[in-house]
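One chain, chain A, links the two complexes that follow: it is found with chain B in the first and with chain C in the second.
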Partner chain A sequence: MKGIEVRSLDKNYGDVRALRNVSLTFEENKIYGLLGRNGAGKTTLLNTITGRIFPDSGDVLVDGEAALENDKAQQKTFMMSEKNFYPEGMKVKDAIKWTREFYPGFDEEYCRNLAEKFGLNTKKKIKSLSTGYGSIFKLILTLSTNAPYLFFDEPVLGLDANHRDMFYRALLEKYSDKPFTAVISTHLIEEVAGVIEEVVIIKKGEIIRNQSAEELLATGCTVSGTAAAVDSAIQGKTVLGVDSLGGLKTAYLAGEIDSSTLPAGIEIGKMDLQKLFIHLTNE
Partner chain B sequence: MNLQDERPIFVQIAEYIEDGILSGAFPEDTQIPSTTEISVWYKINPATALKGINLLVDENIVYKKRGLGMFVSTGAAESIRRKRKKDFFDNYIDKVVTEAKKLGLTQEELAAMIERGYDR
Partner chain C sequence: MNIKSALKYQIADGRVSIPVFYLVIFCLMALIPISSSGMGPEDSMSIGGFEIATIIFLFVVGLNSFRETFRMMIQNGVSRKTMFVSFLLLTLVLSVGMSCINEVLLWIGKAFTAGKGNITFQSVFEQMYAPRYMGNPDSIQMIAEGLLFTILACAVAMMLGYFITIMYYRLNKVGKIAVSVGVPAILIIGLPIFDAVVTGGMIYRALGQLTLFIMGILNGYNPYYAMVSALIAFAVLAGLSWMLARRAVVKD
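Showing the complex of A and B:
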């Protein structure tokens, strides 16, 4: 079977349960958003899938093959991490060379063009790059590998608005040209909302949502109006959260509401991904 | 396109292409932008762009030329106009009247405002 299958992963750090019985599938050629608050377990999950850390229990399968300590399976994945694992003194161009050794599909010309477009100086030492250019270097490397499963952990960290824009466009251009699976872990939800097709939400090491963005957004709505009218309209509904401003109120609901039976002055709105995320992951 | 818009993105994409056809930016029998171009331009998933274009295929506003891309159908502008006239009441008049009632404007006052709009 094509795709990445994660089966019942558990990972503990001392008495912190970083991953709790995590099972999910990343299908071939789809763009996923992996969303979670700080410390929710996003990076632990990605590190486990790409073989950087071992789970306490559970399995990861890449195209049906066990991925742990399996070079062939690992070559199909590439992870752009937030942290820097490159040795002291290593230059950008050396890292490119080493990555090319391990990834036979590495596209050198594409890498060079993208570096030029972003203004990345490949002669510089990796450690001397700014936060923004550190991210740019890693995302260019990731896109150039041509691995079928790419994992981006905070790809736009430190990037200015122009560079973030360039990244999303480069990703979509590459994806349209030759599809791959991309898993993007980010806190900038509004920016990726249109780019991702599937959403995975992780909270305290557990997967709480895993479905298409469209389906997920259809499961919520906002109800606004005067406090009394909103209170009566949302009776018996599952309320995720409420915002009040004076006598006005907005309620965030899980599920839809029948607009034909509502009192006058009540407005029904669509839930966007960021609002839904905030209310699903609030303490 | 505006992602804050309440309507799904693919509906907005279809509308953007329709607007292009109405304004003459995409004349009949010429090619419309590809799924990739729309996806990269608006920074949206290509599947969403495709879904928007497919809405127009279903309504015979654009058609596929094998191996070339999507083209504007003959009579597309006219059929968009017809469709939008049909939806005009629900999309505009209904909202205007609701807002006018909220503000306490009389029917005559609203009618006078519409007249004034034509004088501009």
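Showing the complex of A and C:
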């Protein structure tokens, strides 16, 4: 079977249960958003899949092969982490050289072009890069590996708005050229909402949602209009959140709503992923 | 493929330190004619022990071969097993390579000091096992045995360094403190006092005898005792290192 299959993963750190019986599949050629609050277990899950840490129990399969301590399976994955795993004194160009050595599909020309586009100085030492350029360096390497399964853990950490936009564009361009599986773990839900096809929400080590973004957003809707009209329309409904501006109001509702029952002047819109996420992951 | 890349990476890691090491050795050798020029007829000079410097150097290489390499390998999808095997290959490459270079340096040193009766250029191996080669110095047998002896000593030193560094990596803070304080305290203070007060020097005498035995000195200056002992030590250290490396995880 193609894709990454995670079966009944459990991971504890002392008394803390970081992953609880996590089972899910990252299918081939899809872009996933792995969403969760701080300490929900996102990084632990990605670290386990990429063999950086060992689970207490459970299995990870990459294209049907056990992934732990399996070079062939691990060579199909590449993880961009928040932390820097490159040697202290290594230069960016040397990291590129060695990544090409370990990943034969590495596209050096694409890497150089992207570095130029982002203004990354490849002659610099990795440790001397700013937080933003540290992230850019790792993003460029990850995209250039051409590995079929790419994991991005907080990919836009320290990036300004322009660079964040450039990253999302580069990701989508690369994906449309040759599709791959990307798993983006991030807090910036609003930003990735337009990029991801599938959503995995993790809460206290448990997967609470794993479905397409479209399906998930269809589980709710927004109603907007004058404050009085919205207040009357949302009576008796499950309200996930409300935004007010002047005399206008937008309410985020769980479940479907029958438009024929709404007062005049009310507009029904698509659910907001971030609002839904906050609702689902609140204590 | 991965083993080849991992080995290549680890070899490249030493691309600066190894030439620097030999530059120092070369400079030391270059000093020989200068320092011997002022010698009088009654003066004598003994030169050697470069292989001890190599052994210490490789011990340090072993000490520096885990943490950064492990993180780099894990980042690049290399398994712990491949990383460990590539380290074993690196040990073999460096031990053989540097021992051969030492042998060449020894030969050059001997060539330069030949005919100068008051200057002796000898390896530590020659000094230790001199009686075995009495009347037959610089024989093929001595060169081959000396080379084998140095290769194994280098490999053990490198593996010992590797074992120590992985052990420290795996230990928690309390464990690190306990080992850092406990081991020197036992070896430098505890054992000598215990030996002097309780056993009347028996422990150190036994350790001395054991050392002479495993080096083959007690058995007709037979270096094969030392070689077999080194092989056993290497196997034990490699086994312990693998036990520690196979479950190592990335730390922040």
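Convention: the second predicted complex is superposed on the first by the 240 of 283 C-alpha atoms of A that agree within 3 Å, B and C clash if a C-alpha of one lies under 4 Å from a C-alpha of the other, contacts with A are read in each partner's own complex, and residues count from 1 in each chain.
We take it that a residue touches a chain if its C-beta (ideal position, glycine included) is under 8 Å from a C-beta of that chain, and two chains touch if they have at least 3 such contacts.
None of these values were measured; they are calculated from a predicted model.
Aligning the two structures on chain A places chain B and chain C next to each other without any clash. In the superposed model, A:Leu172 lies in contact with chain B only, and not with chain C.
When the two structures are aligned on the shared chain, A:Phe85 is found in touch with chain C, with no touch to chain B. By the touch criterion stated above, A:Val239 is placed in contact with neither chain B nor chain C. Looking at the superposition, the partner that touches the larger set of chain A residues, chain B or chain C, turns out to be C. In the superposition on chain A, A:Gly194 makes contact with chain B only, while chain C stays out of contact range. Look at A:Ile278: by the touch rule set out above, it reaches neither chain B nor chain C.
Contact with chain B, but none with chain C, is seen for A:Ile31 once the two complexes are overlaid on the shared chain.
Touch criterion met: A:Lys270 reaches chain B, while chain C stays clear of it.
Taking the C-alpha centre of chain A as the vertex, the lines to the centres of chain B and chain C open to an angle of 150 degrees, rounded to the nearest 10.
Look at A:Leu262: by the touch rule set out above, it reaches neither chain B nor chain C.
For the pair chain B and chain C, the least inter-chain C-alpha distance in the overlaid model is 28 Å.
On the side of chain A, the complex with chain C involves touching residues 47, 50-54, 69-71, 74-79, 81, 83, 85-88, 98-99, 101-104, 147.
Contacts from chain B toward chain A in the complex involve residues 3-4, 6, 8-9, 35-36, 39-40, 42-48. Here chain A touches chain B in the complex through residues 31, 165, 168-169, 172-173, 175-177, 190, 193-197, 214, 269-270, 272, going by the rule given at the top. Chain contact summary for the complex, chain C toward chain A: residues 1-2, 5, 8-9, 68, 71-72, 74-82, 246-247, 249-250, 252.
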